[in-house]
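First chain A sits with chain B, and in the next complex the same chain sits with chain C.
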Partner chain A sequence: MPPLEVILQQAFNGLMLGVMYALIAVGFTLFFGVLDVIHFSHGDIFTLGAFAGLSLTFLWAAVGIGNPAVALLLTFLGALVLTGLIGVVAERACVKPLAKAPPLMTLLATLSLGLVIREAVLIFYPRGADPKPFPAMLPGGLFEIGGVVIRYENLAILAIGGAAMVLVDLIINRTRIGASMRAVAQDAEAAQMMGVNLDRTVDFTFFLGSALAAVAGILNGLYYSEIHFIMGIMGGVIGFSAAAIGGLGNVYGAILGGLLFGVLQTLAAAFIPRGSEFRDVVAFAVVMVFMVFKPTGILGEKTVERV
Partner chain B sequence: MDDQAAKVQVSRRDLLKGGAAVGVGVVALGGLWRPARAQTKRVVKLSFIGPLTGGTASNGLGGRNSFLLAVAERNADPKSKYRYETIVLDDECKPTVGVQAALKAGSDPEVIASVSHYCSVVAIATVDTFNKLGLPSMVWGAVLPDITYGHTHVEVSRVNGTMINQNHIAADFAVKKLGFKTFSIMHDTTDYGRGHAKYFTEGLGRVGGKILSTTGTAKDQKDYTAELTKIKAEKPEVIYFGGLTPDGVRVKVQMDKLGVKAQFQGTSGIKSDTFIETAGPSAEGVYCFVEGAPTEKLPGGKKFLEAYAKMNFREPSEAYGPFAYVATHLIIDAIEEIGPDRAKLAQKLKRTKKPDTIIGPVEFDEHGQNTVPLITTHVAQDGKWVVWEDSEYATGKRELPGLRFKRERV
Partner chain C sequence: MTLIGVWVVELGLFVLVVAALLAERPIALGATVAAIGIVAVVARSSARVWRWVTTSFLTHRTGALAGAAVLALVLPFFLRASPYWTFIATMALMYVTIGQGLNFQMGTAGVINLAGAAFAGLGGYTVGLLTVRLGFPPWLGLLIGPLIAVAVGALLFIPILKVRGHYLALVTIAFGFIFNILMNNLEFTGGPQGIKNIPTLRLFGYAFTTPPQLLGMTLPSHANFYYAALVMAALVTWLAWRLYNSWVGLTLNTLRDDEIAAKCSGVSVARYKLLAFSIGNFFIGLGGAFYAVMVGFVSPPDFDFGYSLVMVSVIILGGLDSIPGIILGACLLIPLPERFRFLHEYRLLLYGAAIVLMLLFRPRGLWPATVRRYGLREPAASFGAAGGLR
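Right, the complex of A and B next:
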């Protein structure tokens, strides 16, 4: 039996990982909930968000914004808007034109778009093939509680990730556009008959989901101090799986699924003999079990087709 | 005067006509003559296969550029009997993609030989493919021993060294020279990572180092906090990582973030400028081992770097660029000598011997393996890889992080 502090440290590691997965998963679940679309380029939108954030840090440095807090805030805002808009363009290019086509077509189109985004980062970002160092913009230093090492930056990442999720919840449940999203999710035709602007609602959904991916991308860069153009491949697969475990279409389910996936991967690597080699096997085996025995996920409704 | 003027005018017009006719004639003849000259040299195609995209692309691009430099040099040499054309293929550091690339190169009958692979997992996967296609392939970067020692095919040879010597020397260095006793081994679960772990374990066994744990991790894994938290509890003096740059960066950076107080020791797989640029301050005091010597210290390193700079490539040649360059020259040397015949070339390349390449003397054993005698230790110092003997860590001016942690523990 490993010492308690090791168990707690591992749980904390899993939580950190889970927050980033959850942010990606929420995007997947929003797209599916509102439009019944599985947006497979979302993982690469997450990469794009991270690279947009990194580029903006250079821009702020070049124009002389030296205060890290201001630079960080501007980085988040800039990357959120930029990535959100790219998400809308992706929707207009690959999702909307295929609204009446079989779902397989949308899946294929978004999958291809993901490849285009990934390769574009590789080709057009200077020395895009290499991993890129991400600047430290959060408070450094650490403290220990009962042998568990907690870095201030980890707390900041948890706070930012948590705030983003709360904000999404507020937007969905307390705003007019959120009400439109819920209405479209329930019945798009009825919502339109009640005066909901379908195009605007769908655009906003993609903006919100993609902006969240940008938050996840920047937090990823801040946590690991490094980003790479292939980070969206696994990020996307895990984000989608987390959304599926939680219940596709349910935002809280996506958050829960993300956290569960992060903790599962970490605990498997930490406590199963040779678990590090099988961390993904264990985590994805759980996804399979869910798909077989509870296809609607933890918080999903009785059918998998609607929020 | 008028008559004279008319005469002059006529003769000017004639001159213009004549000049134009001569000009057209020169252009036409030149056009005819140039292809005729080109036709005197038969075209021979050479392929380059390496990781041009993905995590190890920086090494692949450095290798590709070095290959193109060698070909450009031979094409510019009037003594060359053939005109060399190139096919550059990306193996993405993935076995299946590598096999497809080898098949593509091999099914073009004009391709006579290939300069192939930085990644061991790909190089070991394509051995049989090159054999079936009868295409001679000289490996320029992959270090897994079985690539040359695991078969009897004549087609595959290797200009760089293997990981066996590298790891035995690495174990000697850590235990005998630096006095470390306890090690936690991490490696990626590819043949490359497993091979490093195997030969380092073997090396430690010979010099009495104690292994606390061995952890295999997926290639391109992003999060190592679970593994490192577990290893932290073991309190090793050294964490050895058998893997490539992107994963090596993550392990080292996350070690520091988790407060793991151990020395980080890498292999040739992390010896890249990218490692230092990406790991930033975390790279300081990391050491690793590479076959041969740093490019600038190689016998022909200076000349190579000057020629490389003139080509204005966007990417640096990285640690294995000189090996790709030498492999290309060795292949062309052989083609010039025996002609563009795959079967004869494979036989010839298998027992290559040349005393004066830019990496020093080259001599292949019966397996087609260059017996590179030299392994160089490098340490990251002030954002650069420095040869150990030239570093302030060797002179005692600075202390390796692992030695400081060890001292503080006592």
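Right, the complex of A and C next:
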């Protein structure tokens, strides 16, 4: 049995990954909530977010914004808006037209759209096949509590991710558009009869989810200081797994699932022999076992059995 | 008389396709491709021509099939100058095999399987391990490989039965990733290098690497595999056709369209889903095992998620649940990017875009599945007399 500090340290590291996974998973769960679809290109929207962030850091450097805090804020804002809009375009082009088709069709269409986005980044981003170094924009330094080393940049990642989640929670529960989203999630037809603009609600949901993926993408770049066009495959599959563990359609479930997946992966990497190679195997095996015993997730799916 | 017309149409298409494949200069290539395009457009835009083609092919189905079989048999003679194109034709036939398996799962039974490459990999790796590590003869590996794919598929079936729709997609994707990561990291599967030097197929002392002498002509050695793949694809397609037109196929369609209604009609959902999944995995595993024997080595990148998507594209492009469509899909999707090498970089991008466009504008594929017509094949046939399954 490894000492407690080591376990805590690894759990803290896992939390870092978990925050990113949770941000992606919230997108999956929101889309499922309003349209009953799995938007499989969401993982590649996450990649796009990271690449948009990276390009923006170059832009800010070129126009001479020296202050790292301002540059970081602008990077986040710019990437959020850009990626959000791309998410809306993806929804309009590929998800909405197939919303009434069998689920298999949407699944395949969005999987293929993801492939298109991935390949487009590979081909059209300069030297897209190479991993891109992501500039360090967070404060360095570290401190120690009870044997657990905590870096400031990790705290910043947690804080940014946490703030994004709180913001989403506020939007969903406290605003008018959030009320429309909840209404559509419950019953789209009834919501329309009460005067909810379905198209606008769906667009906003995809904007919000994709913007969250952009946050996750930039955090991913800051954490690993490197991004790669291929990262969306794993990001998407893990984000979807996390949303499914938590229960599709349930925002808190998605956050919980994301954190769980991150911690699980890190602990597997640390404490299983040759774990770093097999961490995804362990994590996915747990997901599969989980699906068998709790097919609708921890907190339960938003679901109506229609006969 | 129309039978001869059918053969002329087939022969004409064959000549155009072979010419397009072998065209060296861009002008010749452009001309042949343009000719194919014009023929297709003319045939589709003129209702009379199209109706004549479809009705005469339907009335002379046996003749048309025989003609197609003859042309498939003589294809290597025309491609003998180019072992490369013989190889690509063999790959297309392999994808026909795999496509029929995947279509039986996804198209006929509605069991989503996004881990096709992993099941093909199970077949391929089984051949590699049995022949290289244990010294089995390749033909035995070719038989055992698909069975391993079926066995592992049956293990995966417990989660598959429990979950539905989106979760099912997740389970199969997760399985595909697990397979790939394991192959990459386990020692006995050779890690990233994979398994090399798989001995070539030998049947009755005839090694498949010797260039065959047929009708006084020497064909490239790949022609052996071409004929083997042709037999395999034809057998699998025939089996798929028989299954599709049996009570099994009909039951699986019912299951796909409405699970609850199927259950109410007394269909054992678990048993039929397992049956469809296993048969499909057998075909997919067979394709993978054949690949291992043909190429002589297997490695993890040959069976990654991208190839699962290529397999899915084949059946979407051809037409879900349409057996002739699968053949068309594989024969289009596999050679086309090889022919247009300058598109090679954009290959996956175009695959992806093609599937998206197909799903948006022609979701039933290029050769859509037709409505089943039990016992009504001949016009005005009495329903009672011909009520049996064809």
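The working rule: the second predicted complex is superposed on the first by the 298 of 307 C-alpha atoms of A that agree within 3 Å, B and C clash if a C-alpha of one lies under 4 Å from a C-alpha of the other, contacts with A are read in each partner's own complex, and residues count from 1 in each chain.
Heads up, the rule we're going with is that contacts are C-beta pairs under 8 Å (C-beta built on N, C-alpha and C of every residue); 3 or more make two chains touch, one makes a residue touch a chain.
Keep in mind that what you see is a predicted model, and the values were worked out from it rather than measured.
Overlap between chain B and chain C is detected when the two structures are superposed via chain A. In the superposed pair of complexes, A:V166 makes contact with neither chain B nor chain C. In the superposed model, A:Q9 lies in contact with chain B only, and not with chain C. Once the two complexes are laid over each other on the shared chain, residue contacts for A:A61 go to neither chain B nor chain C.
In the superposition on chain A, contact of A:D280 is made with both chain B and chain C. Legend: residue contacts after superposition of the two complexes on their common chain; A:L115 is shown touching chain C, with no touch to chain B. In the superposition on chain A, A:A69 contacts neither chain B nor chain C. Touch criterion not met for A:A99: it reaches neither chain B nor chain C.
Only one segment of chain B in 9-17, 81-89, 189-197 or 225-233 runs into chain C in the superposed model, and that segment is 189-197. Residues 119, 274, 277, 280 of chain A lie in contact with chain B in one complex and with chain C in the other. Of all residues in chain B, only 52-55, 57-58, 61, 189, 215-218, 220, 222-223, 225-227, 229-230, 233, 245-246, 249-250, 253-254, 257-259, 274, 277-280, 282, 314-315 touch chain A in the complex they form. For chain A in complex with chain C, the residues that touch the partner chain are 32, 38, 94, 97-98, 101, 103-105, 107-109, 111-116, 118-120, 123, 233, 237, 240-241, 244, 248, 274, 277-278, 280-281, 284-285, 287-289, 291-292, 295, 307. On chain A, the positions that touch chain B within their shared complex are 2-3, 6, 9-10, 13-14, 16-17, 119, 122, 127, 129-133, 142, 149, 151, 220, 224-226, 228, 230-231, 234, 265-267, 269-270, 274, 276-277, 279-280. Of all the residues in chain C, the ones that touch chain A in their complex are 106, 110, 112, 114, 158-159, 162-167, 169-171, 173-175, 177-178, 181-182, 184-185, 260, 305-306, 309, 312-313, 316, 345-346, 348-349, 351-353, 355-356, 359-360, 363.
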